[in-house]
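The two complexes that follow have chain A in common; it is paired with chain B in the first and with chain C in the second.
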Partner chain A sequence: MKSASSISLTRRSLLTGAASAALLPLVGMPKASFAQENVVKIGFLAPLTGPVAAWGKPGLDGCKIWADWVNEAGGIEIGGKPYKVELASYDDEDDAGKARTGATQLIRENDVKFIMMLGGNSWPGVEEIAARQGMMVSTLLPSDLTPDTTTLIAPCEVHPIYNVTGVDWLAANHPDLKTAVVCAQDDALGKPSVATYLAAFEAAGITMASPPLFFDPATTDFAPVMTQLLANNPDILCLDTCYADYVQPLCEQAFQQGYKGKIISCTLDFYQRIVERTSKEFMEGVIFQFPDFDDKALNDPRINFKKPNEFFAEYVKRYGATEWSAVSWEYSSILDLWADAAQRAGSVEPADVLVAMKEGGKGKHAFGDARWWGKDLFGIDNALVGDWPVVVIRDGKATIAEFRSIPEWWDKNGQLLVKHMTDLGQMWNQRT
Partner chain B sequence: MPDFLLQTVFNASYAASYMALIAVGLVLIFGVMGVINFAHGELYMAGAYAIVFFYVWSGLPFFVAVALGLVFVGCLGILMELTLFRPLRTNPLGGLIASIGFLLILQTLAVLGFGLRNQNVPPVSQGRITVGGAFLTYERLYVIIATIGLLTALYFFLRKSKFGWALRACAQDREAAALQGISINQTARYAMFIGAALAGVAGAMTAPLVAPSPYMGHSVIVTAFIIIIVGGIGSLEGAVVAAVLYAFVHTFVTTFYDGVIANIVGLLLMLAVLVVKPQGLFGVRERA
Partner chain C sequence: MPEKTSIGGAGLIGILILAVVLIAVPHLVSFSQQELLVLLTINVLVVVSYRLQTLTGEWSLAHVVMMGAGAYGSALFAKSFGFPVPLAMIAGAITAGVIATVLSFPLFRMKGFYFLIGSFAAGEILRLIWKRFTDPFGGPKGIQRIPGFPEIDLGFIHIDFYDPANYYYLVLVVVLVSLWVLYRVEKSRIGLTFHAIHWQDKLSESVGVDAFRYRMLAFVIASFFAGLAGALYAHYLSTVNPNQFDVNTMVYVLIWTIVGGTSRWYGPILGVVALTIVDEVILRSIGVDQVRPLLYGLILILAILFLPNGLESLVIKARDALRNRGGANLPNGQAVARK
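What follows is the complex of A and B.
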């Protein structure tokens, strides 16, 4: 062992010391600078890879725009102090086990104050840890809600309930269409959506030409699925909430097998590709629920989403026009609600923000003022529900045809929805 | 109803074609090298991405891109043989684990090179054949024709050429083949090239129909394993017959019932074959 007196100044230690001294300002100064700044971290826990990535990754891309804009404007003023917003993301691959690992990391290591999820297949992995930590979590799929999920909110998408607006609009504008068929992947996303479409068709007086067709999520060839769907010559082909990777081949198959009727779908992500692979004429009039945000109808004063057209332009500039998906704006709209609630609460703590967000039972949803709702369907009023757009493909471009009220439909037809949800085992007290 | 049945036959023929290509490649590799190649689905994926690169990005004619994809994926197979399977020849379990590692490497490379999202491959043709009320698109017809052509060529190659005899000899008894002067290394290289290239062609030909993604290999490998078990592990004829049988059963059940039941029926088919004929339809019973 060397004694202190025996340590001599070698060339190596001299160089190391000199290098350390040179690097010290680079390392130390930003730390001193960041120490002056308040930072709030938001967790993003959604599929960034795999077949469901189209409903995660574009949302994270949208959130980056939101965070950049907020931080460039000086951050969020909370409790009299400006907060910089940082995003911490974790790829849950739409898997409950990975979502649990991700939630643990985001809470313990990243110290996030709020977690945004796609939900559905991944939520069961997070449920326990969210309850134990009191972490506020948002889902795009309110079918995750139960009376026990008190810190889980669905402040943007009321999937699949908004699908009723598309059917309602279709029935009002095309009263000649009388029969429908529906297909979906056999999972937590497809089934409640099928129940919703069945209720909406029944409410509109449209009969089902054949029972709902559930296919394996691992399906790669959709020709047999489409052959079966078209066997009874339906007027309406409903693609339910099929994943983006399924909607395209299903539409192609419908085109190739000579379908001439109307198509309705929850989403139509990357629809330009589908138009390219079929034809403008074939896709004309296809109805779905997710607008492009360059739509002028979104400049209506009742719309609460901030600068939708500019957001779309920035998104296209950064990532390309064909990268826009159903969720590109959704997580950002949730961040709007969170920021507004945090400002009103004067705190970033999840419990305070949640109370402020639900204050008065009303909230500013992206598509207009809405109310916290859901007790009759989910056992808890944690879904923000109001108007939702009906989008139609016109000349190869998604166009908002009309905004329709979900609560109005519910008030008239709620029991039908409960009946079909119950039949498919999708009520909150039936799900395992 | 006849149109409906004919449409289902068209659908099943297409499914049988590309699955036969994949399964025959898998059987060839197993037969000659004794390795269960878990990365075979990713070779199929590599073929599909070859189309993205050569056809979509580089603008080459589709069938030129398919030919280049065949060579590219065949070379990937040779790379696997040289770097993974040859050093682990005496350790079949090691080869299997190495193939799983290679599977992950190929997936990661696909993500790094092409991104996470499905790639859009523009239609090669929008033409279709109409028979009564049933349709068969040219794109699907090309897959069927390519399969018939390639499998016929493979049949004659194995039966009539010196290299084909060497492959069959190695598949029957590697040590005896070596004693006859057949190079095991060279034969293994041929087997990997051909087996990988067949998977690559399947991926390349179906790329416009499936929208390639880094994880597309998962969906076919399980089915391919079911097919080679039903056909008899190591039997090329068995793989073709089982691919046709499985595809027709699966497609008809999907069309008349649903896809979930079709998967169950497919597994039941495998179970029934294993109970009645444990070595598979065309498999040879091993001597005790």
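What follows is the complex of A and C.
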């Protein structure tokens, strides 16, 4: 069936076309010339509005930089032809119904060859259409993976497993800290992350001062949450994978209630605002997992992300320093992997690219060479894991303290993680 | 006041045109708009069933949760108990009706604003139960891989209901039958009693009307159809989770209903259709994804400022104008008599 919109010629499109044709000789040809104008379209299906937009919108902004750079350099050479990259985005509002509509538009109308998603609530709406169309889809949340999701990959962020590196580093550098508390919103993002932190604390010999505190995602007043957390005077306050809208008020509450211990969190999006609203002294030493890409440690030769410092500078120039978030670079790093695999496959077709991407069971993750893994936790080896940075706030600025290996931690403590995931019903075979 | 029920020649032609449009529309829109069409048709049932409940004067904030009760019920009947999907859908709707019956006892001890708050609390309790108990409700992640409506294969014809156009026709039939039932309820003695309780509850009780039972009846019928809408939704998307039925979604139902108007049965339909087209088609097509909520809010403010009686007031005005024009050609006095 052909859509009416795709075949209609409106007065507006006619005028636009005529005007463009008339202006072409004046403006000349674009910098990069694509002989046959080969274009490969990549879909971006993530929340751009609503409470989870902080994990979608900055990613799209990063992808625009990536695409501009690639196209300015002449496109991607695939099968002997240069391909221009175009992004097609759809705001799924973190909703399965809207994600299904968006996936349909991207696959059947925009003819994209790869879709990048945040995942989570929206993935179930896309799962069947992706399977039926054979579309390769990436997620930032590997808890979407099951043995049936053969075209779904988690090639960048193996959330929440990398959180173990932060706890591991904390235990090694602050052996005096012995008790912890953890809180998270009661949802599909919070629970597996809590399980991971519980496993990491147990592996590090840190005991829980109180059971995990799950608050409702509709919570707006975090004073009682923090009061309850601090009641047992913990050495470590763990903010788990709380949404950006929760991390800021939680930190403010900890500050206002006079907390003096160590804070560890998965993300600390827009941390400059938190520093402004608390103090440099209070935020000194806060540990999280997502670096600013102006960090010199990212210039290490093992880092596969291309030109991280320049990328950060361009991002700040276009959108402002305070707009940088955990996902600003992640979708772009997935595009790096996709482009590399498409070049090796000599094709843009999803099935060919997927095979090339997983060839040899190894891949070039943003933070170094990594392996395709996950069968024990997700029932399928579609998550790319390797090293992950531990980031610490120093003098009000996010700084990479060290890279630590996720596989090494897993090899030593994997059973602990399985145990806590099972206890919270987060194993793939426990999901209804 | 209930409007006139007889359908004239012009009305019949209008219905025929509407029928042709409803049948043809999936073939006139894009693939993604077919998906929207399915969700829009389901939402039509949600808002019209909600309006039935408001006839008694009580505005509930639990309607979307009742939709969720139908969705969860149907999903569990199909997935855990092996019910055939069509049967599971009906069982899901009945589940929502039964839950509404139980909730009626505490809720209808309250009226007006207190009922509104009470219904919100009751809805949240139900939603938090789904979130709290991973077994059987799946916790925050909800239930996934819910079986879809079974394919029909008669050899010469094969209908796959995963295809949005096919599912739209199924939903259309269910929704039209439901709307007809809701319409008949409103036009019946029961519906008139709902209106009476809304406008004169003490007077109604003084002549022997049991206001509690009628309020409960409206709540149960509305919840049954909301549950049916939820079941249609769950088996289409193959997933349900507690966030889909939270207060944000309820706010949308309220907006659709208020912007459409509630004095006529078609008011909420106008609201949901117009606002969905504005938000999901027009605003998306002009590429303003990130400022959509802002523009949507602006449109709502303008609608409330300039159409305080809802979009339905435009239809009423247009119909009156047409009648007056028709009346101008009639002999003196007849135009007035037809009003």
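We adopt the following convention: the second predicted complex is superposed on the first by the 397 of 432 C-alpha atoms of A that agree within 3 Å, B and C clash if a C-alpha of one lies under 4 Å from a C-alpha of the other, contacts with A are read in each partner's own complex, and residues count from 1 in each chain.
One rule holds for everything that comes next: a residue touches a chain if its C-beta (ideal position, glycine included) is under 8 Å from a C-beta of that chain, and two chains touch if they have at least 3 such contacts.
Everything quoted here is computed from the prediction, not taken from an experiment.
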| item | value |
| --- | --- |
| Partners on chain A (chain B, chain C) - clash or fit | clash |
| Which superposed partner A:N429 touches (first chain B, second chain C, both, neither) | neither |
| Chain B versus chain C as contact partner of A:L213, first or second or both or neither | first |
| First, second, both or neither for A:K57, with chain B first and chain C second | both |
| Partner chain in contact with A:D186 - chain B first, chain C second, else both or neither | both |
| Which of chain B and chain C A:Q256 touches, first, second, both or neither | first |
| Partner chain in contact with A:L48 - chain B first, chain C second, else both or neither | both |
| Which of chain B and chain C A:A223 touches, first, second, both or neither | first |
| Clashing chain C stretch [against chain B; choices 42-50, 96-104 or 114-122] | 114-122 |
| Footprint overlap on chain A, where chain B in one structure and chain C in the other make contact | 48-50, 53, 57, 186, 216, 218 |
| Residues of chain A touching chain B in the complex | 48-51, 53-54, 57, 186, 213-216, 218-221, 223-225, 227-228, 231, 244-245, 248-249, 252, 256-258, 270, 273, 276-277, 322-323 |
| Chain B - residues contacting chain A, complex | 4, 7-8, 10-12, 14-15, 111, 116-118, 120, 122-123, 128, 133, 135, 137, 140, 209-211, 213-216, 218-220, 222, 251, 254-256, 258-260, 262-263 |
| Sites on chain C touched by chain A in the complex | 27-36, 39, 79, 128, 131, 134-145, 162, 164-165, 233, 237-239, 241, 243-244, 246-247, 280, 284, 289-290, 292-293 |
| Residues of chain A defined as touching chain C within the complex | 1, 3-6, 48-50, 53, 57, 89-91, 94-97, 100-102, 104-105, 108-109, 121, 124-125, 127-128, 132, 143, 186-188, 190-191, 216-218, 425, 430-432 |
